[in-house]
Amino acid sequence: MKIGLLTSGGDCPGLNAVIRGAVLEGIIEHGDEFVGFRDGWRGVVERDYFPITRHDVRGLSKTGGTILGSSRTNPFEGEFGGPDNIQWLMDREGIDVIVAIGGEGTLTAARRLYDEGGIKVLGVPKTIDNDLAATDYSFGFDTAVQIATEAIDRLRTTADSHGRCMVLEVMGRHVGWIALHSGMAGGAHAILIPEQPQSIDQIVEWVLQVRERGRAPLVVVAEGFTLPEMTEAHSTKGLDAFNRPRLGGIADVLAPLIEERTGIESRATVLGHIQRGGEPTAYDRVLATRLGMAVVKAAHREEWGQMVTLRGTDIKTVSIHEATGSLNTVPQERYDEAKVLFG
Amino acid sequence: MKIGLLTSGGDCPGLNAVIRGAVLEGIIEHGDEFVGFRDGWRGVVERDYFPITRHDVRGLSKTGGTILGSSRTNPFEGEFGGPDNIQWLMDREGIDVIVAIGGEGTLTAARRLYDEGGIKVLGVPKTIDNDLAATDYSFGFDTAVQIATEAIDRLRTTADSHGRCMVLEVMGRHVGWIALHSGMAGGAHAILIPEQPQSIDQIVEWVLQVRERGRAPLVVVAEGFTLPEMTEAHSTKGLDAFNRPRLGGIADVLAPLIEERTGIESRATVLGHIQRGGEPTAYDRVLATRLGMAVVKAAHREEWGQMVTLRGTDIKTVSIHEATGSLNTVPQERYDEAKVLFG
Amino acid sequence: MKIGLLTSGGDCPGLNAVIRGAVLEGIIEHGDEFVGFRDGWRGVVERDYFPITRHDVRGLSKTGGTILGSSRTNPFEGEFGGPDNIQWLMDREGIDVIVAIGGEGTLTAARRLYDEGGIKVLGVPKTIDNDLAATDYSFGFDTAVQIATEAIDRLRTTADSHGRCMVLEVMGRHVGWIALHSGMAGGAHAILIPEQPQSIDQIVEWVLQVRERGRAPLVVVAEGFTLPEMTEAHSTKGLDAFNRPRLGGIADVLAPLIEERTGIESRATVLGHIQRGGEPTAYDRVLATRLGMAVVKAAHREEWGQMVTLRGTDIKTVSIHEATGSLNTVPQERYDEAKVLFG
Amino acid sequence: MKIGLLTSGGDCPGLNAVIRGAVLEGIIEHGDEFVGFRDGWRGVVERDYFPITRHDVRGLSKTGGTILGSSRTNPFEGEFGGPDNIQWLMDREGIDVIVAIGGEGTLTAARRLYDEGGIKVLGVPKTIDNDLAATDYSFGFDTAVQIATEAIDRLRTTADSHGRCMVLEVMGRHVGWIALHSGMAGGAHAILIPEQPQSIDQIVEWVLQVRERGRAPLVVVAEGFTLPEMTEAHSTKGLDAFNRPRLGGIADVLAPLIEERTGIESRATVLGHIQRGGEPTAYDRVLATRLGMAVVKAAHREEWGQMVTLRGTDIKTVSIHEATGSLNTVPQERYDEAKVLFG
């Protein structure tokens, strides 16, 4: 079998481990051949690809980034985009299946290529935010949580030494998993996530409770959190709570508000890109390797239109159709559980 | 409710996070009181205990070890051992339930106290080896895998620079989970676990395959692995494959055998205690915190004789009776999956 | 001897190790007593202090922050400020010497207390930026460089995967040591420091050279770096290169400028407070412990008005008078050395 | 200029950073060419070498191991060994100088080639143990200390939880620098080094003092430490203190002795090869890069027979002749300083 691989969307620790897992499973177990499309769907629609050998994936399980490159190109656009062009290319090159490693957008595009054009595709879910409902956890998430937790550990000592309130902004545009887990691991005094809007009054109450117990408050906030005071217009238009143009993240909005309301010196840290680059944790390496191996097994079972997922300790396959469309939000009980530790 | 806590058996990263989770859930949500028994069941049978306050658990989620101390004392032995004495103590102190955080032995003892004496107990499974079947993963395991993986990463560069074979021994007396996961994460060329005896001939074949591909072989072996050449008598009597008294671990047996058979300079590293001490990973902190919180919730539901476990992404309770007795071994399909990457 | 300790100014990994080193040296070797002033000079001028015992410093070598707290209070201000009040307090409490652990400002204040009021003081230099000329390296600096280097390692994989330019802002208000060392350790393609203004044209040239060699450019910039295009008025008034109010750091100015000029997608990361909190590296723990021990030895030699410093591998004492006033800037030859690796 | 590079002896974090520093300095600043000899002097005497390009050293500052490979071959032996053969090879290939990156043995061999045969050589000192007197610190040492310190941090929690004595064996065959620094950084209660024999009675006394203060003793021992009770015959013949054959390290001798004498359960951990492999710390990357750059500058100054060293914050050159022959032992005052913290 000849398998085309592509990685698409934002960086995510474990991408290379998926590639290595797929290539080794394919070459060693099935005698497969592999080609890599450069920079996600761009490599498909611009016909930019290269053979991947066993040697190419040597030592990859520990490395960050992706040897295939990435982009946000849409496979339905461009000169050679769309199912017909892609099928033509696959026929010419003898490519039996395209394995798309990517997030919601990438997988939805893959599904459409299959639904509308009968393109043989398989998916591997990639989301640092852990926002895909079809999988218990996605690779990269554990690494992001670990990095955010280490940042909390470091900020805490400074907070305590200076009696300051520290506000750490972590990733999570639509869901608060990274904030929830790192906040729980790091012992944060408030965790603010997109799924659970909290008023500034509530946040201030938590912060003051912490101060009353003689401690320095530590607030973890997901980038997608909004104050109810920030109308939707504000947040989409990039205006802050006071109608000023927003620059920086939500942490930059919260820290001065907290300081103003509580009188506690407050500082914002926006963790940013370091959460999604670099060496994956052992957990993510194992998960990514297994997903990569499983997607090749699924190819040999000809389960077109499916993606691989983690359920409990098992790797399963599920229709991309079912897997996309619904967001893996933090359930109320998980937030309630964490909230006990607030304040 | 007044809750007695104890930690028993070997050290395990996350013990303190369990304690913190339990104490905060109890104090904040239910107005509970807590006492800690010193050094596991020893504190029970020697009536050595102290109140635990909210202040005592401050900052504990990230610390290794256990503030309660640990031992391997059997609660049925000693001057004040056995159900009657323990019940008397609980009555005197108004302790409603004893929460035992420990492994197979500890939980079995707890179960017997409940079965035979009606002692109100609850369990939290603690096993660095991940050998309890009732839970998908146990806290401490992820940290051990991470440490072992980092060791593999370091050994690999030396192996490659010198063209050597490195043999790393990791924990796992009866099951090979740490070896399996760290070996997969680190890209080991052979993973040897108790569940899957392999002849020295097979190991040598894997090692030689690696050399033929121009790489330096890296073998990960669980401490409980035995060569079929080592009869049970040998391994239990501490004799090595050649009937010499065994000193050091199985890695110290394998490295010279591999060197002798392949001519490749081979070195053993026994990772030892550093796998079970120190700061837990974020994953283990979250899991341990949730288990600690859940066991207090179970106490308020009066689920005596139960223990808390992880199933998928949920914390469940299960009868200790069912949970103990069967070992969580590495299933054949997980070993087969990993084996594709060997050689 | 009775020794008063205080820590002043911004957080710095190793403060607790200094305290531990001083207290153990004093108690064990000399039978000294210790008091800690809370929150730096505030504890002195508000007479807020407490005895420090051997037990209090247990396990401190590895912890971040300072058990004494910190502030930026000036000892010449406040109700009980100034030499006369401080001498009165020291006489009343039998305090023989005040050991001030702090940066340029703290040490200068200590020197004035000694010069103008004869207050027996000793200094321990504390500067995360390594900007004190009297010491080869100051504790905390190595930790900050390590954290910044790990951030570069992580950003690099994302840069490479996306073909982006990453701009990382690290600490260094007046001197560029953290940028220089982390940039060299991480293999940055341009290092921008306050001592070496570079035009945006030069920066763009370096970035384009990197792109021409097929790599993703990585720029490390110290927070105090300014473009010559930014007049002093701009930078002090918080205006950016285009006269807009500056929000965020210099990286937030540079990344869009680079993107505009080169067409390479560019992203800014401002590392911020995580560089100055948390666990010190082994290097900083050793240095801090030795400085703490040495300052107590200096007290017993009655070297008032001196501070301890690192010279080569030795701890020396030097007059605070000489030690302050001149900045430890990056010398031209060190920048030239690093510059070879640019582009 | 055409420069031949070789790395020799045991693995050491930073070797690749030296190679990268040298190659970039040479190619960018001087238009040099580089060849790498495979596996140290073996590549010289077996004429096994290859060109090194700028591309080959990409990303090397952070990687462990050496892309040149290593061995313990003696350049005076083998078919093409000795000055005449080596000069012939250099003439044929137009190699102007051989840069030897290695320890005492390698440098001494290089010096002899220069002294006896006029071979143009330059040296870069490489010793994980920090045992070369000519340099303040050697690259790799800081990484080894950091790894050993992290191991101490982990062991400590287990020691405290179980009330055990932990004995950690670190590298240091002839000198105790790694033990001294990691022991000081980790807060060890006894540090045992080759330079300072201590009787088992003294060790037991320290251990008991720790226990009396209610703490769990932590002993760090360098591999080259011997008990005076172990006569030289014993240690060289591999007999332990009781005339039994020694297997494992000195920690395996000490732990049972301490347990026997104190009644405190004691456990040995031998850290082994993980100290010398893998990613270098930022400190070591900077030092190694600077040494690599400096040795190429020295080549262009034609300072044959010299090696580069660190003195304070400067890189200097010194005659290999002077630099070898004397061991950089831990001075009495450094041990006395550390000893204050014992017990």
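Each chain carries a letter (A, B, C and D) given by its place in the written order, and its residues are counted from 1.
Assume a contact is a pair of C-beta atoms (placed from the backbone, for glycine too) under 8 Å apart; a residue touches a chain by one contact, two chains touch by 3 or more.
This is a predicted model, so every value here is computed, not measured.
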Taking touch as defined above, what minimum step count separates subunit A and subunit D? 2
Using the touch definition from the top, list the chains contacting both subunit A and subunit C. none
Please name the chain that ends up farthest from subunit C once chain centres are defined by their CA atoms averaged. B
Indicate the whole-number Å distance between the mean C-alpha point of subunit B and the mean C-alpha point of subunit D. 34
Note: subunit D sits from subunit C at a C-alpha centroid distance in Å of 30
Subunit B-subunit C separation of Cα centroids, rounded to whole Å: 41
Sequence positions of subunit C contacting 2 or more other chains: 153, 156
Have a look at which chains touch which and call the overall pattern line, ring, star, complete or other. ring
Identify every two-chain combination in which the chains touch. A-B, A-C, B-D, C-D
In the complex with subunit B, residue positions of subunit D that touch it: 7, 11, 15, 39, 63-66, 69-71, 147, 150-151, 153-163, 166, 247-248, 252, 267, 269-274, 276-279
Could you please specify the touching residues of subunit A with respect to subunit B in the complex? 20, 24-25, 28-29, 58-59, 61-62, 136-137, 142, 145-146, 148-149, 153, 156, 181-182, 184-187, 215, 281-283, 285-286, 289-290, 293, 311-313, 337, 340-341
